[in-house]
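Written below as structure tokens is the structure these notes are about.
Labels run A, B and C following the written order; every chain starts at residue 1.
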Amino acid sequence: MIYMLDLFGVFVFAVSGALAAGRKRMDLFGVVVIAVVTALGGGTLRDLVLGAQPVFWITDHKYILVAAAAALLTFVLARRRKPPYKLLLIADAFGLAIFTIIGTEKALSLGTTRIIAILMGMMTGVVGGMVRDILSGEIPLVLRREIYATASLCGAATFVGLGLVCHNRDICIFAAVVMTLALRLAAIKWDLSLPTFTSREDTNGKR
Amino acid sequence: MIYMLDLFGVFVFAVSGALAAGRKRMDLFGVVVIAVVTALGGGTLRDLVLGAQPVFWITDHKYILVAAAAALLTFVLARRRKPPYKLLLIADAFGLAIFTIIGTEKALSLGTTRIIAILMGMMTGVVGGMVRDILSGEIPLVLRREIYATASLCGAATFVGLGLVCHNRDICIFAAVVMTLALRLAAIKWDLSLPTFTSREDTNGKR
Amino acid sequence: MIYMLDLFGVFVFAVSGALAAGRKRMDLFGVVVIAVVTALGGGTLRDLVLGAQPVFWITDHKYILVAAAAALLTFVLARRRKPPYKLLLIADAFGLAIFTIIGTEKALSLGTTRIIAILMGMMTGVVGGMVRDILSGEIPLVLRREIYATASLCGAATFVGLGLVCHNRDICIFAAVVMTLALRLAAIKWDLSLPTFTSREDTNGKR
């Protein structure tokens, strides 16, 4: 069940990566690379940092194959018809919620402390998109606006915090997914964002 | 023999990195860093992902020294006289072919499956140039046009595929090098490239 | 003592990262991420390459917490009042000196050769700032001008070289810090830099 959701997350993230690559007029190879990196980048960095090597997609081909298939499918279909943007955002929010929980759980199972597990959950959800943006020559969107990483952080904290009092893993997973999704979808709907840093030079003369 | 070719590949990739750094008006340190990263980046990521640590250049100094020497030599010589561009492209194609085989073979020797070994071969050949471009503030060229990674992919697949039926390692290596070189040199000569992604917004109104 | 200095280096580097993120108008999350990456990126890559996993900040929370606290403090305070630039540069030079020695020593304690230990010291000091610049959409400053990495390299070489003849660790550390600081502060004061690469196309027609 979790495994199927994981592959769904890989698929959705790969589609988002392929679309971003398409906007930059990359060729077929570039589209596939960006898609794979977006889908697997977060988990790869998590595994490297935790020393869980070889990284997860070396021993299970399905991850690479699903990501590459999603990229090819996007390449073929999106040439004809642009996918509905709202649907993609919602699917991406699901992917974020799933990756967050899987990352948190993997870190816990490797014996890290709770704080590190929460960070690893967020890293699993967020880093792929950051590498996608860097490879596309952009400043990572997630660093600039929108509540995205924050939703992931709260989801991971919910999962870990609830795990202290409730030993039913399914309930913990469900609550964490709901928390991440609720925050992320609310942020999309009402365009919520964190405060930005305005240094003195920008407000010169105002006070 | 393979080891000498490997150092030749390091040398050629370092020269290409140093020239790219020079175009961006980097200082001597920047030129050396970009050269070393271009030459050793692919193999480093391969070793990290496979868990073959410490990475190869930690235990054998020659890699770092050859790359740094190539950068210094380029720094001194290219100030006077630009190297012939065609010669560089051909040398780079050789480097790509060599790195591809070495990466594929290392992955196989670490017990990965054949699919992963092919990917690792391509990663060894291609990632150094991608990091070079990112450090230079460019979208990686290899993602945008030209048959470069594709040549590496076909070379690695040839090596692995032929290995199934032919147990003479030298023949497999020779065939894989010829495959990579032929594709890459053909792409240079006739300016071949993969199709690019054109999303609907770009063809608006046409159909 | 060294441990306290290490945390001081983390604090200073995190502040420099947070200020850089602020100039790019990132949101609160982006500021914290850039700060943490600037402070911990060099040591993380060092540990990955050497195979010293899990990386240092997984097992000791203080690093992440100090870096995040420095980012939040900078976020709150720098909105009101810009920190004195000169003071920051000097604090950063101290951080560079400390990170260089810690990186060199860690590599030696893991049994690397002296050349690799010097490189690891420089990597520990320099890579965080490079990733900060890449995430901010800039070509890393350290590759382009100013004697920064060179100061780190000379400090690491002093530490390793002196260690051959002098077995008092404190004296080696002191000498290496003085060497790094002296070079770096001299570079700041007199605006010293390494030669840059000028390829023939730029000097066309001159000779």
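As a convention for this text, contacts are C-beta pairs under 8 Å (C-beta built on N, C-alpha and C of every residue); 3 or more make two chains touch, one makes a residue touch a chain.
The model shown is predicted, which means the values in this text are computed figures rather than measured ones.
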{"item": "Relative orientation of copies chain A and chain C, as a Cα rotation angle in degrees, nearest 5", "value": "120"}
{"item": "Equivalent interface positions on chain A and chain B, same or different at half", "value": "different"}
{"item": "Geometric centre distance via CA averages, chain B-chain A, whole Å", "value": "29"}
{"item": "Per-residue overlap in chain B, given as positions that touch at least 2 other chains", "value": "48, 53, 134, 137"}
{"item": "Chain A-facing residues of chain B, complex", "value": "48-51, 53, 112-113, 115-116, 119, 130, 134, 137-140, 142-145, 149-150, 193-201"}
{"item": "Footprint of chain B on chain A - complex, ascending", "value": "18-19, 21-31, 33-34, 44, 48, 53-55, 58, 61, 64, 75, 78-82, 134-137"}
